[in-house]
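Here chain A shows up in two complexes: once beside chain B, once beside chain C.
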Partner chain A sequence: MNLYLQYLTALAPEVIVVATALLVLVMDLVLVREKPFAQRVGLTGAIACMGCGLAMVWVELVPCSIHSAMLSVSPLTQWVKVPLLLLTIFAAVLSWNERFTRHAGEYFALLLLAAAGLMLLVSSESLLMIFVALELLSTSLYALAAFDKSGVASSEAALKYFLFGGMSAAFTLFGISLIYGIAGDIQLDVIATRLRGHPVEPVFYAALVMTLVGFAFKLAAAPFHLWAPDVYEGAPTPVASFIASGSKVAAFFVLARILLSAFPGARGTASLGGHLPGWAPLLMVLAVLSMVAGNVAAIVQTNVKRLLAYSAIAHAGYALLALLADRRHALSALLFYTITYAFTVLGAFAVVGVVEESGRKASLADFAGLSRRAPLLSFCMLVFMLSLAGIPPLSGFFGKFYVFTAAADTAPKLSLLWLVVLAVAASAVSLYYYLQVLKQIYAVAPAPASAWPRPALSARVAIVLLAAIVIVLGCVPDLLLGKISELLKSNSF
Partner chain B sequence: MLAWTIYISFLGAALLMFLPGENPRPAKVAALLAALAGLACAAKGAIECHLHAGAGALTDVANANWIPELGIRYHLAADGISLVLVLLTGIAAVAGVLFSWNVENRSREFFALYLALIGGVYGVFLSVDLFLLFVFYEVAIIPKYFLIVIWGSTRREYGAMKLALYSFVGSAMVLVGLIAAYVMAGARTFDLAALAKVHFAPAFQNWAFIVVFVGFAILAGLWPFHTWAPTGHVAAPTAASMLLAGVVMKLGAYGALRVAMTLFPVGLHTWQNTIAVLAVVGIVYGALVALVQQDFKFVIGYSSVSHMGFVLLGLMTLTQIGLSGAVLQMFSHGIIAGLLFAVVGRMVYDRTHTRDLAVLQPKNLNQVLPFAAVTFVVGGAASMGLPGFSGFIAELQVLVGAWQTFPVFAVMAAVGILAGVAYTLRVLLKAFFAEGQVEAREPLHCPRISLPERAGALLLLGTTLLIGLCPQLLLDFITPSLNSPLMQPLWKAGTR
Partner chain C sequence: MQACLFYLFAALTLLCGVLVIANPFTRNPVTSAMFLVLTIVSLAGLFVLLHAFFLAAVQILVYAGAVMVLFLFVIMLLDLKEEERRKIKAGAGVLGLAAAGGIALLMIAVIRQSNAGVGLKPASAEGSTLDLGKRLFTDYALPFELISLVLLVAMIGTVLLSKKDLK
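Here is the complex of A and B:
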């Protein structure tokens, strides 16, 4: 009994989120069915946000630590849920004014279930739990991506996402089964003890490759990135922003957990000189391809959502560099980078969403002269774009800087410098396309007769808050970094 | 006090960004006040530092923990060299606002970006934590892009993007070098003084030096990476060209001296001759190309490349007098180039709407715009390096230094000075004092030279004259700094 209670306290945030999802469904079905749509969305959305907020408060207030075969709830994993919930809240707020669906309850319920998937993912300890959480997340996201029934693009996006995602899940599962075959267990730390000193033989290598392929799909790392541009473009904008932000953070975190805590011995090397097999060379290949493919393809995009998709691929490449770094810095660099990136890209999508709501599309030309109509919004977009490009004093700059420094610091010193050089060069290229967007906003004159309805208050507030987060975390990175390093000192995972 | 140069500029920028209304007048006044306040802070800080720590060592301005995880500190400090450049920034900033008094289109945003750029420049000159320096260095890139792409003229999108990408590639190289130095030092610090004490392995220094040096020198117009400069200058609005040539190119030279040369003296020694060759090529090439330009602004643009060649040559001499000349030349060129760009862009182009020398030739501008003509004559004389102006003493020092280290280059650089005389006289004749064809010209009506323009021109002219007549004012700052402990590795490498 006592044990169950302990589990319940540990999993209370997830429980709260799932309960809220059910509540939202019931509310929409029973209480507000006949109300005008705006009220329904407002009410269900508000409850969804409150549920997430409650879960956040719980995470903050109730310290909890459990380590079992299924779950590992530590201060670190609990803390990671805070930005994830925050991202969910922002995504929910941005959905408030979208008009792509009549199904308010189902929409927010799915969003909350996806959030629950994210949270479970973060604190899973066994490979099977990780798989289950990943599927909960993915299935909700497939359905969310298809939510815009007015256009064929959304369905196409969802189908593509589903097919690619299903493939990747199959790969992951195959990899997991091979790992189980080798190590005889699915619990991460047990795998680590069983595999200590185990050579990276072909079967083991195949298991690593398979698992990584699955995650590379989820992270949209090249060459498994093909779904991303279509999904980002076709899915409803708030959904796309959630796919690009929250699911990235959780997927990177869990990938780091698997690699660093289950396979610390199978690292191998990614330096140009001596090649040792392991997961590091695999990540290196993914990182190089992602940085190059993402940045090159983004240059020619004319749709801002597709541009963001390719830039997301490039950013997955940068973030993979963090995983190659020494353990001391790998996780904190990765967390700082992915969390700040998530807030930035969420903000960028939010601005795109506002522009779309004014009856425009998301092509570059639709942003022409935005600064004349919406100066504050344009300034926020400036912040997001420059942060993505890595311009100080925005958080994207310090994230990149930390990742690059951590990668260069990997023992033996400067062995990964060539990757850092490539990444720095790639991000120099990326400035070009981010400036293309900003040029449209600031330098090109707006189309003469086009209406610009004032965007909804909630969206404006959310965007300004996101921009403030990006600026503040860039100027005072220690706010986030100090917390992360404090947590990492107290426990490894 | 000095730190307030940075804060005032950024506060001014933020204030202007969110100032309501489209009326240009408050924006201009606010920008002028911010620039003047910055100059006042710079001057006061310079005098204080001069009185209190005459030895030229780095004097702390601000020092606080910033990102403890990586040992990064918010550390501002100044020595004589940075003070000279901070003063230059202050003067150029005020002059730039005065010469932008006619910006009516989106003036709020214009001056906000302008002040953000100035703030970044102040920051670079005052930072001694290299991470902080890099942050400010990058902060200065983006406003340049927008200033050119929104308010620019000829091929502005091309010029702006070229400038932004060149700057960003340069700063990417610097970033790689900085990270590598941080990792190799293993001391978990980006502090300049601490890193300068580390003896990096020679093999490492050899590549790190050239990466960081070229990264910075791209912005200083090092041949053959100078091509952004003429196109950028030509595309930019007047104030932006003034700042580009006046202070932004100095960022590059300052970074090359402060970071690349100070951290990697052995690498410097390896590459000394190669870079000196590039600098001399830049001097001669820039001057010769300026000689055949048809666009008035391109002439000044290429002359900047040539003059910045003197700075780089002075740095490479590794002699006291050469380096002192290089720093003085940074100051001097900042003032003179600003002046010449102001005449071309503001006084002539904004009135005649052309910079084509063939079109300007029959207009007899010396009668229509006598003030502009006189300013250009004096500014041109300063640019040629006539005695009595700051350029003379600076280029003389560089040549003396170069003569001690590599006599052949000194002779070639002197040829560059001759070519400089030639292109200045040519453009002077063509643009202002062309004879004949007077009957063909229709009377040109254009507004008279306004008060802000006169004030700005007098400020810049006065400065170059003052320093020309009394170079000791700045040399008192520069010389002790060259003997400071920070610079010692440089001299050791030079005599090795």
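Here is the complex of A and C:
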């Protein structure tokens, strides 16, 4: 009995989110079934946001800390749930005005269950929990990606996502079973103690590669990125924004946890000329491929969603650099980078969603002359694009700067300099395609006689808030970094 | 004797597994489903060798029995004549074989070089229902409950996607 109570208090935020999901389903079925669609979406969406808000308040107000075989709840993991919940709320708000489905209750319930998967992923301590939470997240996202039943694009995207995801999950499970065979346990810190003092077995490297496949898929790191462009393009826009933001933050965090707390001894080195086998060279390969493939392919895109997908692949590459840095900086650089990136990309998708609402597609030409009709929206898009490119006063710049300096500082000093140089060159290339979007918005004349987006108040407020977050975190990065480093100081993980 | 049985069941599992996806004689989906039943049954044999009797029984009852019947229903309800006529592309086949063979060779080489699991104690629990139930509701209570959420998501998703949208 005691055990269950312990779990219940430690997982109260997750329980709140899951209970809200069930409440949303029941409300939609019982109370508002016959009401007009706008009311149904409004009510169920509001409940979903309130549930996430309540969970956030709980996380902030009720400190909790437990470390068991399955679960690790610490101030750090609790804090990471706050941006995840915020991202969920933003995605829910942006769905309010979308008309891609008539099933409001199911939509928000699945969104909330995906959020619960994200939160559980963050505080999992055993590989089994990590796998199950990952499956909860993935299954919800597959269903969400297929929500738009008016055309084939959404179903095709979902099917592709599902097949790729299932295959990579199978590889990850195989890898996890091999790790269990080697270490005899699935709890992260127990694995670390069992592996300590033994020479690393060759089969362990095979297990490592296989386990990484599933995570590389979730992060959309090359060569496991093939699903990303189709899914970002085909899935409903709020869903695509959630896939691009929330699931990335959680996947990066849990990957860092696995690598840094379970396999600290199998690190290896990624420096040029002095390779030692381990996970660092694997991440290095993923990072290089992602940066090159993402940036090169993004240049030729004419659809803004596909462009954002390839840019997401490139950004996964930059963020992987943070993991290669020394333990001291790796986690704070990674968290700062992924969180600011998530808010930025969510904002960019929100603007794309608003443009699509006016009956347009998301191709570059559809953005022509946006600044004449929607100056505020255009300015926000400018902020998001420049932040993604890494232009100074915005948070994207500081994130990249921190990641690159942390990677360059890795002991032995400057051993990863070539990677950093490559990353800087890649992000210089990326400026070209971000500016392509801005050129359409600001410099090209609009097509005559076409409908223009009239974003709803909620969407406008959300976009402006996201832009404000991006600007503020760029000007005062200490707001976020101070908190992260304080949390990292107080507990090891 | 034990080792003999192990190799027998393992070989059967692999052979039937291959025949599910690449049967050289027929491309009839029903035959594939039948070979899947055989794969599951031989896997159950492996479970018995590990003293996991309950798991073996459940494997046959639930997977080979209930789930496969549903599989067959779906296959027979769908019109899969097209699938039968479709040829496997030679390039894709060669590439797939090369990839699978490469991974298999790599795994064999790597496992032969390692002496993993030597220092580990054999599992203490026998696979009885009592032990299994205790484990599920104490040590593994959390993942067990989580799986119910995964099933809920799968259910909502399936109902939603298979429903016809009346516009």
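What we mean here is this: the second predicted complex is superposed on the first by the 487 of 493 C-alpha atoms of A that agree within 3 Å, B and C clash if a C-alpha of one lies under 4 Å from a C-alpha of the other, contacts with A are read in each partner's own complex, and residues count from 1 in each chain.
Note that in this section contacts are C-beta pairs under 8 Å (C-beta built on N, C-alpha and C of every residue); 3 or more make two chains touch, one makes a residue touch a chain.
Remember, predicted model here, so these are calculated numbers, not experimental data.
A.B. asks: Tell me which partner A:Gly166 touches in the superposition: chain B (first), chain C (second), both or neither.
C.D. replies: A:Gly166 contacts neither chain B nor chain C.
A.B. asks: Does chain B (first) or chain C (second) touch A:Phe397, or do both, or does neither?
C.D. replies: Only chain B is touched by A:Phe397; chain C is not.
A.B. asks: By the touch definition at the top of the document, which applies to A:Leu386: first (chain B), second (chain C), both, or neither?
C.D. replies: first
A.B. asks: A:Leu120 contacts which: chain B (first), chain C (second), both, neither?
C.D. replies: second
A.B. asks: After the superposition on A, what does A:Pro446 contact: first (chain B), second (chain C), both or neither?
C.D. replies: In the superposition, A:Pro446 touches no partner, neither chain B nor chain C.
A.B. asks: Examine A:Lys413 and indicate which partner it touches, taking first as chain B and second as chain C; both and neither are also allowed.
C.D. replies: A:Lys413: touches chain B, not chain C.
A.B. asks: On the A-aligned overlay, A:Gly42 touches which partner chain: chain B = first, chain C = second, or both, or neither?
C.D. replies: Neither: A:Gly42 stays clear of chain B and chain C.
A.B. asks: Touching chain B in one complex and chain C in the other: list those residues of chain A.
C.D. replies: In chain A, nothing is touched by chain B and also by chain C.
A.B. asks: State the interface residues of chain B toward chain A in the complex, per the touch definition above.
C.D. replies: Against chain A, chain B makes touches at 17, 66-70, 109, 131, 134-135, 138-139, 141-142, 145-146, 149-150, 157, 161, 164-165, 168-169, 172, 175-176, 179-180, 182-184, 186.
A.B. asks: Per the contact definition, I'd like the list of chain A residues that touch chain C in the complex.
C.D. replies: 3-4, 7, 18, 25, 69-71, 102-103, 106, 109-110, 113, 116-117, 120, 126, 128-129, 132-133, 135-136, 139-140, 142-143, 146-147, 149-150, 178, 181-182, 184, 201-206
A.B. asks: Going by the contact rule set out above, which residues of chain C touch chain A in the complex?
C.D. replies: Chain C residues touching chain A: 106-107, 110-111, 113-117, 119-121, 138-143, 146-147, 149-150, 152-154, 156-157, 160-161, 165.
A.B. asks: For chain A, which residues are in contact with chain B within the complex?
C.D. replies: Per the touch definition, chain A meets chain B at residues 332, 371, 379, 386, 391-393, 397-398, 401-402, 404-405, 408-409, 413-414, 417, 420-421, 424-425, 427-428, 431-432, 435, 438-439, 442-443, 477-478, 481-482, 485.
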